[in-house]
Amino acid sequence: MQFPSPLTLEETARFINAKFIGDADFTITGINEIHMVSTGDITFVDHPKYYNQALSSKASVVIINQEVDCPIGKSLLYHNDPFAAYTSLVRKFMPFVASTASVSPTAKIGEGTVIQPGVFIGNQAEIGKNCIIHSNVSIYDYTLIGDNVVIHANSVLGADAYYFQRKPEGYRKLESCGRVVIQDNVEIGALCSIDRGVSGDTVVGKGTKFDNHVQVGHDTKIGSNCLIGAHTAIAGVTCIEDDVIIWAKVAINKDLVIGKGAIILATSAIDKSLPGGITYFGSPAIEARKKWKELVMLRRLPELYSKL
Amino acid sequence: MQFPSPLTLEETARFINAKFIGDADFTITGINEIHMVSTGDITFVDHPKYYNQALSSKASVVIINQEVDCPIGKSLLYHNDPFAAYTSLVRKFMPFVASTASVSPTAKIGEGTVIQPGVFIGNQAEIGKNCIIHSNVSIYDYTLIGDNVVIHANSVLGADAYYFQRKPEGYRKLESCGRVVIQDNVEIGALCSIDRGVSGDTVVGKGTKFDNHVQVGHDTKIGSNCLIGAHTAIAGVTCIEDDVIIWAKVAINKDLVIGKGAIILATSAIDKSLPGGITYFGSPAIEARKKWKELVMLRRLPELYSKL
Amino acid sequence: MQFPSPLTLEETARFINAKFIGDADFTITGINEIHMVSTGDITFVDHPKYYNQALSSKASVVIINQEVDCPIGKSLLYHNDPFAAYTSLVRKFMPFVASTASVSPTAKIGEGTVIQPGVFIGNQAEIGKNCIIHSNVSIYDYTLIGDNVVIHANSVLGADAYYFQRKPEGYRKLESCGRVVIQDNVEIGALCSIDRGVSGDTVVGKGTKFDNHVQVGHDTKIGSNCLIGAHTAIAGVTCIEDDVIIWAKVAINKDLVIGKGAIILATSAIDKSLPGGITYFGSPAIEARKKWKELVMLRRLPELYSKL
């Protein structure tokens, strides 16, 4: 990213509260990650393994967490958390447009929260502090959102449970009266859907992050600090415990428990509960190392047939 | 769900037209399913198998379809259809916000239909009676929607067919001039897309219910009383007959016929037409019981190799 | 499609600039593809293989690219590009509603572009000439869109990268400062998401066409004249070269290169880079003809077991 208006080295040091080595009036013109930098840019490095790469890159200024020698023609900023310093610089230049949206008069919205255009917020919904709700998000009645939550554009929170009873004259619907509850520090990608509970709540725990196009069924509970990959579909009344990592395009059936710290590889399909702490793969999914053995054997079948 | 204002037993009996056993002035404070109830709640039971569970639950009031003895400290409501009675109570307390939306002056909207904020309705589109079109739904020109239809938030009806012709200079697009037709009593989940026909109509039949993120290609016909699971993609010019049940994340190719009453298990991929009345699984899908045998054999391969 | 107001044969010939055979005052009442026509319709045919079918169909008027004998009761229009002529007739009758939308004052929009209701366009975004941005599309800050681009309803361009760093206290987010860049003549389906780059750009090349529900991760580059099927998910920092064809529901991992002209069949999962010019299938995907052999052998396993 080019800076809309350049910053001097000294101004930058003051802004991120860092000690600097170099010409105080040197003009920084942009900010980029280490593999993308060009002359005039500031970048960051926070691991000794990458110090050399950063210090010999095209970046003019490097934020670093150790006092190393300053290469000729570069400037350094010493900071004990270069990632945080880098992020605060990016944020400084990220503009946003607070705007009107269709908000029920009975909804509550906390301080510092930004609601972008086209957002719909239903009756009795509550949104905490310092959230960003991006454009065209739909939030149904009674949804409860904590603090520091980001919801990306066009996601839908609180649509009705997919819960029908077959009758001779067609399907009858059980009306949902539960809620969606999103805890603090959650980030939800674009175009995700999280259905409300039929009677209880559908919950996404603290610090969990969703990629785009994720679907969560009614009354499902997702723990804290989980990662959920793009296009993953989680059915109703399932429990995903804390620290679970799910890669893209996974399907998880209803009424299951996925144990703490389990890892589910991309495109897997889960049809039974899984103990935590293990990596799974396949459709239906089994332990990943067993699945890989199966795949090797499958590939050796022609040889086997030719032997017989 | 807690009631916004409590109801007495007598008021409730009058509202659902039921006979009651208990204190006419007893105050009901909420409504929940049997496994979620607490003191003060009303619940329902409609099958003798669950009578005991309901009558010994924490619910204070039970809607039941048989005249049983009333347990001490509880009240009963006799009703020949407890599910319907329960649903009408939930509905009584579900508020909604009718609001403005971008509706073409040439579109027609029937009596009792609710159009939520942010909805777009194109030229010549027609929507029947007693529908609910949730927020930020996009309905393209000429779309035809029947009565008692629910479309959940951010779904898209009537986008152009994915239909291109490769030429040396790039792709050329065949402009769509067909419609999307949604028949009575259909429910479409959040974030679904149903493309218009190229020349004919894309049709969703009476009483069919979609979960979220379902995609339907151009000119496809879906019968009545089907269930279509989340993240299912159905290509163009395919025919899904009546009473078909498709679970989540299924892919169905174009130009196929899926016979009446077929059941397709989650994550299956369908690449040829399938006779009705049978359950299918796999990618490519075959009869589910055959696929399960294959999976068992696949798991026995290490044993087989060690024998040789 | 029925014409809103009928056209005479002569008016039609003048509009598409074609020579006609038949009654100049014959009234054309609608337009349809060959397998959908009825009396009064105009249709087109551009390949000798289908001449007979078109000339003996119910269509009253046929646009054709060769001077053949005119069947009794029909009229002909000679045109060297019947597909283009047909398309221009469809377009003539396709109405649209230009309308207000939430557009940042710092965004730029080219001549002839239509922005439908409910669209959000962020700061510094630029949209070229003759584009159609359908209803409820969300376009984040800095997004760059070329000429003649179509974006279908409720798609999201430019949401943040899914890029988090695990820390003892939870995940930290690397703020994105790259852009989404959509080149000329691209068409994006409904409900697609294309994330912005973390530092660089996420690019969709000239003439590429997306079906619905496609997801593209941060910093991914997609070449020109590719086709991307519905529900396909492409992770970050991947390169899809020119002329690649990807069918529905494919998953592609990050940091890969898919070579020019590769074809990936539906529901495949790609976990390593693939040379161009070859067709792939499976999860994980291998050459399609090898995968089909595996599937045949898998099906012969019961026989194999019974032999042993």
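Letters A, B and C mark the chains as written, and numbering starts fresh at 1 in each.
FYI, a residue touches a chain if its C-beta (ideal position, glycine included) is under 8 Å from a C-beta of that chain, and two chains touch if they have at least 3 such contacts.
As the structure is a prediction and not an experimental result, all values here were calculated from the model.
Colleague: Taking touching chains as linked, do they make an open path (line), a single closed cycle (ring), a hub with spokes (star), an all-linked set (complete), or other?
Modeller: complete
Colleague: Could you report, rounded to a multiple of 5°, the rotation needed to superpose chain B's C-alpha atoms on chain C?
Modeller: My answer is 120 degrees for the C-alpha fit.
Colleague: Could you tell me the distance, in whole angstrom, between the mean C-alpha positions of chain A and chain B?
Modeller: 28
Colleague: Hunt down the residues of chain B that sit against at least two other chains at once, touch-wise.
Modeller: Within chain B, residues 118, 136, 154, 191, 213, 231, 249, 283, 298, 304 contact more than one other chain.
Colleague: Across the complex, what residues on chain C touch chain A?
Modeller: Against chain A, chain C makes touches at 102, 104, 118, 120, 122-123, 136, 138, 140-141, 154-156, 159-160, 162, 164-165, 170-175, 177-178, 191, 193, 195, 198-200, 213, 215, 217, 231, 233, 235, 249, 251, 253, 269, 271, 283-284, 293-294, 297-298, 300, 304, 307.
Colleague: Which residues, counting only chain C, touch chain B once they are in their complex?
Modeller: Touching chain B from chain C are residues 1, 31-33, 35-36, 83-84, 87, 90-91, 93-97, 99, 116-118, 134-136, 150, 152-154, 185, 187, 189-191, 206-207, 209, 211-213, 225, 227, 230-231, 248-249, 266-267, 283, 295, 298-299, 301-302, 304-305, 308.
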